[in-house]
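Two complexes are shown next, each including chain A; its partner changes from chain B in the first to chain C in the second.
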Partner chain A sequence: MQEKLSRRNFLKLVGGAAAAGTAVAIPVAAKGVGQQFVPYVKPPEEALPGDATWYASTCRMCPAGCGIMVRTIDGRAKKIEGNPAYPLNQGKLCARGQAGVQSLYNPDRLKNAVKQNGRGSRSFEPVYWDAALDEVLAKLDSVDPSKIVFYAGTMPDNLYYLVSEWLTAIGAPAPVIYDLHAALEGRAVSLQAAEEMFGAAQMPVYDIANADVVLSFGANFTETWQSPVAYNKAYGDFRGQAGGRGFFIQCEPRLSATAAVADEWVPIRPGVDGLVALALGRIIIEERLGTAGTLGQIYAGMYRGVDVPTIANAAGLEIEQLHRLARILAEADRPVVIPGGYTAGQTNGYGSYQAIQALNLVLSRLGRRGGVYLSQPAPAETLLTMPAPNSFADVQALIERMNAGQVEMLFVYGANPVFELPQAAGFKEALAKVPFVVSFSSFVDETAVQSDLILPNNTYLENWGYQVASPGADRPAVACQQPVVRPLYDTRSTASVILDLAHAMGGAAAEALPWGSEMLFMEDVASILFGSSLNPYTAQTAGEFWAAFRQHGGWWSDRPLQQEPEPVGLGQRPIIVTAPAFDGSARDYPLTLYPYPSVVMSDGRGANLPWLQETPDPMTTVAWNTWVEINPATAHRLHLKNNDVVKIVSPQGEIEATVVEYPGIRPDVIAIPVGWGHEDYGRYAENRGSNPIDLLAPITDPESGALAWGATRVRIERTNRTHALARLESLHGEGRESLS
Partner chain B sequence: MSRIVSGLRRQPVILLAGLVLVVVLVGGVVSRGTAVAQDQPLDYSHQTHIAAGMDCLFCHSSATRSQIAGVPSVQKCMGCHETITPESESMQTLQGYWERQEPIPWERVNKQPDFVYFSHQPHVNSGLACENCHGDVSSMDQAQKSVEMDMGWCLDCHAQQDEAIAPHLWDCVVCHQ
Partner chain C sequence: MTTRLSDNPTTRLSDHRWGMAIDLDKCTGCQACVVSCHAENNVPIVGEEEAAYGRTAHWLRIERYWEGEYPNVKAKFMPVMCQQCTEAPCEAVCPVYATYHSDEGLNGQIYNRCIGTRFCGSACPYKQRMYNWFDPVFPEPLEQQLNPDVTVRSRGIMEKCTFCVQRIRRVKEDAKAEGREVTDGEIQPACAQSCPTNAIVFGDLNDPESRVSQMARSSRAFRLLENLGTEPGVVYLKGGETRV
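After this line comes the complex of A and B, so read on.
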């Protein structure tokens, strides 16, 4: 009998068979993040699965040291936000800070200590920590302590203290502090100038929030400069003031993202920042503009010999433009003038810095609302251990010592000099002459590849530490860094490695660092603040204070407390700003190179995080690669268009990059973001773009010894190749036709 | 022509088999599966534990208090299995995790997408039994997905409830917050 098949039965049969078939045909769900439950081995008491625990800690994605809150679930860090209570960033956090979780979970992290089978071989063998430390101890024992060098980037204060105490105890010289981020933001020059002009080596804080006119010379404070999150917040407050939006003028050759939010962009020639500041000062005083023009007469001596028409000509400005800027400043109630990193990165950087800061003096802006303050660390003054970074000249001296065989052991922490220093400086070659190199990098970066041993540091989300805010907030503040998760792998914090080494060495080293663990050291640090009259939270005992210190993410004053700069080094003597000098003849190298810090890559340290790689640049919308910004007029003259691959040649070297026609740049300047061009540093960073630092001449400002990173001339050569850059959208609105 | 048609009529099972094959293959590609055997790291039997009289909430103890029901910690497993059948093969595996202080990477059986907010807490506390969504786990060794937990399924069930007890989910942001 023929079976009658109703529609309903048919569907049932098909559905059932399909379900059964599916069970066979579909493989088990792919294993991967989000596909597994990984509960605790031993849950903390009262832990509720699915319930988030937020830890207050400190961001270490740049040296600003913002307060963060990290959301953790089941012992895993999930999300980072700003700490609303911390007075520096007031709950805000930048893209780099948000991307911090990707450094924790990065697949290219070193998971244990490794030894390299021959430097540069990239062949690593795991080594037990005890064996690695024994090897380091044996070397320390066998070398002359004066030939040991600790090379580091800007460090958290706890680590600097431990490292410098240890080095002193063993008779080794103080650490050499140098990293590209600090160089690009002019940190050393800021501190050096503050010490000379104001008698205190504290980072100046510019009270943008309460100013009514801001004149910035290349300070990209909404991007990467010094404390960008705090300044972004201040910028928002500046625009939202009751008295009006304020007026913001940005002077620099390129329209940066900061210049793009300014009311006026003044595209001055490279290296003339200080000269323009001198001209403005002279005009204000000579023409007695505003109150400043009258009160500032006592400072006339500073502007002796300043030739306004010559400066206008050198800067590429009309005299009338200078007059107008001077009037805006002099007639403002609360103007503030800011010297930026690009100012410091010229051969006349230090003089320019002084000339710009002098305007704040003439305008009576020192220690005034909306003016300039100094970071106020008290009572955390003893905790602020991190000194000014070394100058590039100091690094050159170190390279000479390395070449001369005077360095037998080199430790590298938090810096990547092989990538960050101009190739012409010869660091890599000098490194080859150092017999034993130890890196503390969490990743195999370009410098780690040239080392013998890598003792990977924990990421900052697994580490202890503290940092005195510098530049600070409107009050003293110390950010507490605490582990928000257990170390994921067999890595160790560099601070604990230093303690272990010191204890194993015994004698003076062990006496200098008596703490059994870095946590005990941190507890001692907190006890220094316990007795302060400014405490924001109540604590009856030191133990209670230590708990509150961790719970709140640090310590800060309960009320504003700002430090007024004393103009000890300014006043009567003329300020000298020399004419800027450039490497490369104007005939052979007609364009000036402006290598600027990418807002996401910073100095290149963000390149290993895919979230940052895929974040489009705010001005060009390019992601994942290096580009060169060329004024359309220049591009037209050179027969170049968007996506053409060009060779950029300087007297020191050459790189390739893809053209972006960018109207926001002077025709005689080209700009290339820093951060790409890694040879190592993990899968997301490697072989992607090029590094403009390779083009730089190792020339310095003779006064400060700072690298004149904005003083190299280049030319552009065609390659007749094109490369389609990954861009979110075009500058000219192509692809938006459907919206019209 | 009529012969072909009548031939087809005589062969409905063959035609059906062909259709079934097509659906199975297509289903195999597009379906997320309704009853998928999981390759779990440990040979764990729900049936055995429930037959021994254990309540779901003994192990999935946060279901009444949290968004997620929770999977027990290794410590919790060891709390009993230190003494209960420690010699069995799967207990040896468990012991290994405990000795290495390693968490057990259980494969997920049910997972809501990131854009869905779901919480066990109100469901369990309103008296809904676990098996309404998770099937008869007492008859399963490894937990199996018993139903495709998609949006239609959520809405269907909520639509049948008394609105005083459970919202009918007409407001998107209840789940898509």
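After this line comes the complex of A and C, so read on.
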């Protein structure tokens, strides 16, 4: 886009102008120079050189969809801030959101469509977009549509709409939506449970800001969980309440950064979350604790057969501790109980999730201030929003189909299954049996390396889109995503590629997607919202609304509007929580592995951004590499110390990581952050650290089909090597952090 | 004992004494401020090996302190940036006057005057001055992310948090052009703007009504290493405790 004007041509131009006198403004002195010259004298009308222009858009660094304001100067994006008007994040933004400009200006981005000379060869040849699309069209034409699969991570709602309409029109199955971030935050289980218990498949929203007691089971809501900026904001308000700073209890085997800000950390054993919740419920009702104990008598049926002493034993807690927690909950004015991603990532995850949510029912917290709400989609429900992600069991079924040769063509968007799925699931091997694989990745990631064609998507700062907040704010909100800079390279938004494909295919596909461009589609979406009675800004015409929609960064209700969950699937029926099961025998694999999303890497998608690589982990202060957190007592027993490199062995595989003695973890559990261990994905990500997902057994919770990512046992073996981790804190009480 | 900043002759020169209050009860250690600071101030990346030597250039870091032992263990977060001392130890030791005190209470660093003796870094009790061991590297096109309002520092010079002085100047100039005073909360350094929990508040300590002044008067307020007499411009609010 930015072609250089050579000195020679510049002089020709100036000379030409002088010779031609005053009549001709831009003489065509040299062939083609005119086209180069004009952009230099005619900047975009809204841009003043050196002056910042701010564009409202939507963050796509995680599925939360915060509103952003991007500062651009001379056509370049410089700084991303939160959009103060957007009700979800209210002007705030997290570390990953801040780093978004580095995905735009990443030196390892694909600059055009490429074809790979043999999968896995990493030898790419540029192809013209038309030629690439023709190849895709030819394939689409020749294969049985039922053998086409679109595999995607959590997508922007606009793309989900276009893709699903297109797939339906051509007779292909619905997209398979699965990514590690969503798995680690328990998104699918949250939605599935909400549908069964509350009668609506909407993400629950926990009103932490107005609660006085928060009991969380492994929900790391100040780090990466579901909508971290909104929950961080709520946490700040929770601490700043006029009536006192609230009481926050976090139950999980590891002291996460979220547990670090809790008033009390309860290090329960892995997989007992639901059992503890059942015990608390039984104690509250049986002992008629507080108002909840009296009013909750009607729910006694839910706790039939709950054995408190056995649960206390299984959880590694004293009965007295359970009593204390039950009393704190029952005597609080506005308690709220939160099931987290780690709860869902167990073989009993779904039952546990229900047991925890049932506490909110017993405590009368559904639809109350400081309690639980459901995300409010209206009037956005007229827009097609992305449904719950698929379960891991669905992905396993897909892998089987791929192995059986029932998938002829695979599209991969916004997910990196080769990196993200447990190796034992066998995705990579199954992928080799798919004859034609197309990746939409902007970067050469592990999955793109296993594909035939890469049709690189624009980064989100160059793309159109909309996103219905889910989990939502205190009111319906739809964020508008718009390009803040011109696309840097010859990349294309996947939405426009789908439109182009549909139009070229003609027939039902072209009819289903009648929009000439994705912008026209967006205008259509805006016109749906224009009709709402809740509009936050005045617009007389649909065109005026469309301008306001982009200018404000979306649409949201002018007043709070919250949806109350109705406990349709809860009440009398006993809640069954099975004992957690683990892969690997306790004798050979004495430690339970807790792989957790890194606050900077998320599920690994942040690993190619240097700012995020260099940002220290809040708890260990480590950057740039993978570590394994071991309780000092366990480390001592195994003769391990900080910076020792160890081998972590599970029944499924082994990886290496560097030891961090971590005081805040159960002695029978080790924790490894997810995000490092990339083989591909650019210079900042490649060949650093290891991926704990490789260790996981592909076991699921039979009820939800979710991957039980917290249910693999491991052992540790010494390597007699050391690696000096890049830690902010020194290990000897000296150096930068030493203040005395 | 806290000296009133308004009594100090060095701060009386101007109408403003910029300060910051950080409520440790709200800080969740989420690192939003750290990345935000990198983005705003063109702070370079040094890579794993250099970082392991302690040569990261973060102008703002989150310190984490362990308390107690398993299972009664706690971790506390503390964001620490240049404390913008009123009696700054770094200023007196600079042989070339690259480090100076502004009349609004800021410790300034004049990059093109700095010769890299690192005396200021040794003198700073908060370890908040970063030395550029190498020239910063921004592989093309990462240089396009650079904020044109902030100089990119070269090898051999010291740098540190400026309280986003470029933002302070811009707001002051805008206010002056509009013929009005700067209002409280109008200036937001990058860290305060991004902080999701609103733990970081910036403002004028000379204005008794400003939010930062109100927070500085809190019973929870303290300053880092107060006994050294550096009179920092950053006030911390001790984390609270709820007992049940």
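Quick notes on this structure:
Operating definition for what follows: the second predicted complex is superposed on the first by the 686 of 740 C-alpha atoms of A that agree within 3 Å, B and C clash if a C-alpha of one lies under 4 Å from a C-alpha of the other, contacts with A are read in each partner's own complex, and residues count from 1 in each chain.
Keep in mind that, in the parts below, a residue touches a chain if its C-beta (ideal position, glycine included) is under 8 Å from a C-beta of that chain, and two chains touch if they have at least 3 such contacts.
Computed from a prediction, not measured in an experiment: that's the story for all the values here.
In the superposition on chain A, contact of A:L728 is made with chain C only, not with chain B.
In the superposition on chain A, the chain among chain B and chain C reaching more residues of chain A is C. Contact with neither chain B nor chain C is seen for A:A242 once the two complexes are overlaid on the shared chain. Look at A:L48: by the touch rule set out above, it reaches chain B but stays clear of chain C. Across the two superposed structures, the residue set of chain A contacted by chain B and also by chain C is 50. By the touch rule above, chain A contacts chain C in their complex via residues 50, 73, 76-82, 89, 91-99, 101-102, 104-107, 222-223, 228-229, 232-233, 235-236, 239-240, 244-247, 255, 257-258, 260-261, 263, 265, 267, 328, 488, 599-600, 610-616, 618-619, 621, 623-625, 631-633, 663-667, 683, 688, 724-730, 735-739. By the touch criterion stated above, chain A contacts chain B in their complex at residues 2-3, 5, 10, 13-14, 17-26, 28-29, 31, 34-43, 48-51. The residues of chain B lying in touch with chain A in their complex are 10, 12-13, 16, 19-20, 23-25, 27-29, 31-39, 62, 65-75, 97-98, 101-108, 111. Partner chain A is touched in their complex by these residues of chain C: 23, 25-32, 34-36, 38-40, 45-49, 51-52, 54, 56, 58, 61-64, 66, 68-71, 73-77, 125-127, 139-148, 190, 193-199, 224-225, 240-242, 244.
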